[in-house]
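The following pair of complexes shares a single chain, chain A, combined with chain B in the former and chain C in the latter.
Here is the complex of A and B:
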């Protein structure tokens, strides 16, 4: 025990020493469940716990489950639809906020980020009440609007960050050469923003595809999304089918994350070198 | 003159979709919910026009008070656990990991990015009676018979921490990372021990990140409904579960609206407290 001879005992153990151990244990805690889930998706037996051999049976079963395939179909339509709308609206607002002067600019910027801090469940309930109030039948429309609300803060923030770093002189040059606002936007600003817009679209589509809360309140008859289907399957009890479905979704999520982060990781590595 | 008018028109066209979206689908619906929270309801569940404070008074019934207490307790436990675990992790990534820092951040983004329900289902498997945790404890002789862990408060708490932990690490890391290493060295040069340097330099400088982390966890955790159902067996329900039940099962929309307003108010209080605390921290520095 070197407790008395070293006054820094506390820090060495609890700040330096422990931070390493806590980090290691935290990463095991965060990643092991996913590894186990993916591994047991390849289990031959019906058990989600006892390993009885390797097989792809459960993946085949998932693709033959008509409920799951239908839900996947619904989820894809809503994801693509809402991401397209969120990205389009977000891009217009982001460019206006960063490149144009107008009254209430800061307010709009804050309002577009507001769904980030407001509880999603309250926004969902409000939309459900509004749709009922307006006499609109729940379905693709209500769900797409809801998912646009969930993803628009992210879409706008990503495109705003890119728009803020654009070279103003290019737009000025276009204006000097006689281009109007719309021509400048379409031929000068938009092409430069394309990478950010693509990122915003992918993130929005993923957020929509994984969404449970908003879909719980805004889906209608026959528009059950994949997360809603998984939730009701989980309430009945876990099956290897969910493991197989989960493994596929893990693969898709990780692939998308790497695709998006692939662009930013080199930048992060560079900025971290000191 | 004509150019200015034209420019105004074009800016208006760029802004119209987002303003319309926010007004029509956020602001107006929230106003309707606020109005409904004071409305009456007939025995079939339809909302009747009128003004009553009964819905808010009903929230003081012991059933609902219990839900409220449960929510605050679960949110507080989740936040404290996330901060206690997340701070050392963020500290390690910011100060110790060196060139591995981006890889560690990415590894934490993966579980955060994977479908929420799939992550929870992984824990349903692990915590089950025949699950790997029980089997591991049986194998090592820690227990003689499988322990029922699913359907307990502990299982809910594990799921909540699992879901929210990355959200605490990222803002704390973002606050720790830019701290000038020379400040820390200066503390050491001036004779401060590592503990003193940590508590007088590093921790105060990272407090804004800690506050942001607490805000990201505390408020959203009260609106969660899937974790208490899937891992906690639906026994300890929180505000999120109550809202789902009132709107989708019991069709008591005025009462559900009142609960929603309560959650919205809590979120508002959380944001105000955060801004207050942030200003206080900045003054201290």
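Here is the complex of A and C:
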């Protein structure tokens, strides 16, 4: 038996007492602005700081703002498009890197993770210069390419981790039972990677949906994304319309997060345990 | 087993070598596995038995030599095109598929009609008494149940040869015994060639028609279980299979079939090596072939230890020269021997073997 010493006054006062307060303050600091933002979305007046009454007017107004609806449309296309491409490349690269021996394997792994450490602004400028040099008109295409660059390290890392933890013996077993390489990939490897692939897709889409820097450089005429639209609206003065939009984005994000946690987290935990 | 099988061997290894870097896992192996037999590769870990199995399955390609399955050279044919299936020690069931889909997997990759896939998978599951578990997932089954499913999955496609890589290794003793009986029964019923890998000599003796005892990538002895146990051809075989008394001895006169040796102050006639007279040799003898003979003239030992096994008593005697001789005697009632008794021991000479030390 180890003797248990009674905690001294220092531990009692600072560690137990103050750490609780610090935690609480940290959460307040992080979450309070969001709470205020959401609250003022329901303000009846035009101010985002003085409460004048409850109303849904600003939400209605957002949905009638053609510019915002159009920007949402653009954002969704870019998010889904870039996430699909980033996830597909990430999945294939992850499987190749974890399962195959080929020259330059380590280099490929490093190259796919590189955008993670490069400042996004550098990446964006480089891409813009390249596009201009190549005579490419900015629009959906350029923006999707940019967003793929931003999200590909995350997609690859998530799927790589899952691919590395897969049981190689299952692929041996599939081959033993008569499945060729493609059948083994499609019927054994891919289904087991699905939770990771879905997670990578959702994360990539979220990153794209939130992106401001890359979008600033790569968007063209008529392809203004939601974050860009919000940023330009701020310059014209803040109304609760932005709060309403922000509240809806928070709600959408939380919904997606819950969906991911509810649907895929248990699956991932379960498959890791085996 | 009676030899009504066609002359074509199920598996034929010719001069097979497998090296991993500088390590030689399989060393010039020549091996013919007959069609329809229960063949076991037995040996300690690292003896090359599993590598040999993986070579037959096609997970490894031989560095040298040829592998034939049913007379066809498969040395360059990938695993998925070989007419062999494997039961893995880890079961290797696909966690994302139901039990029925696991068993139907080999049929699905061959693109058989869905109805046939289902029917045959179901029949295979019934065969291993797992018919009720078709829509469960592997994680919902016990180890023994997963083992049965793995067996059904490997058999559903009716392979020419079934490879079993220590399939019972993870089961507890009682379940193990049960599965041994079922495996043997199933092999007889289906007439499929089983190639079984194990490090458990008892399991090998129980199940096999023939056993290849392996060491260092080579076959030490290839024989029926009875011959391997009763007539080991080397000290290694004698020690690996069952328990053996190894008694230091001296060669008196060498002769093919019946040499004379001196051990424990007595002379014995025995089969084995023909070392020159005067050479130090080892006399091997199974404990159940030593008898307590109160009126005998054999060497006298002092009983120093009694182990109660259940069906047997295992008695350890210390001899005059300090060496120990173990006696196994059936637990058939009567007055048990007591520690300290001094007893002449009789050796059944037909079971004595001489090996060079």
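To be clear about the criterion, the second predicted complex is superposed on the first by the 239 of 274 C-alpha atoms of A that agree within 3 Å, B and C clash if a C-alpha of one lies under 4 Å from a C-alpha of the other, contacts with A are read in each partner's own complex, and residues count from 1 in each chain.
Basically, a residue touches a chain if its C-beta (ideal position, glycine included) is under 8 Å from a C-beta of that chain, and two chains touch if they have at least 3 such contacts.
All values derive from a computational prediction rather than experimental measurement.
Applying the stated contact rule after C-alpha superposition, one finds that A:257 touches chain B and leaves chain C untouched. Of the two partner chains placed by the overlay, only chain B lies in contact with A:217; chain C stays clear of it. Of the two partner chains placed by the overlay, only chain C lies in contact with A:172; chain B stays clear of it. Of the two partner chains, neither chain B nor chain C is touched by A:153.
With both structures placed on the common chain, the touch criterion links A:191 to chain C but leaves chain B unconnected.
Of the two partner chains placed around the shared chain by superposition, chain B and chain C are both touched by A:180.
When the two complexes are overlaid, the chain among chain B and chain C that reaches more residues of chain A is B.
Look at A:235: by the touch rule set out above, it reaches chain B but stays clear of chain C. Applying the stated contact rule after C-alpha superposition, one finds that A:20 touches chain B and leaves chain C untouched.
Under the contact criterion defined above, the residues of chain A that touch both chain B in one complex and chain C in the other are 180. Per the touch definition, chain C reaches chain A in the complex via residues 57-59, 78-81, 84-86, 88, 90, 92, 94-97, 105-106, 108-110, 139, 153-154, 157. Chain B meets chain A in the complex at residues 6-7, 10-11, 14-15, 17-19, 21-22, 25-26, 28-30, 32-33, 36, 85, 88-89, 91-93, 95-96, 99, 101-102, 104-111, 113-126, 128, 130-132, 135, 162, 165-166, 193-195, 197-198, 215, 219-220, 222-223, 225-226, 229-230, 240, 243-244, 247-248, 253, 256-257, 260, 263-264, 267, 271. Interface of chain A with chain B (complex): residues 7-8, 10-12, 15-16, 18-20, 22-23, 26-27, 29-31, 33-34, 36-37, 40, 47-50, 88-90, 92-93, 95-96, 100, 102, 108, 111-112, 114-115, 117-123, 125-130, 133, 145, 148-149, 152, 156, 180-182, 185, 206, 209-210, 212-213, 216-217, 227, 230-231, 234-235, 238, 242-243, 245-246, 249-250, 253-254, 256-257, 261, 265, 268-269, 272-273.
Residues 167, 169-170, 172-180, 183-184, 187-188, 191-192, 270-271, 274 of chain A are the ones touching chain C in the complex.
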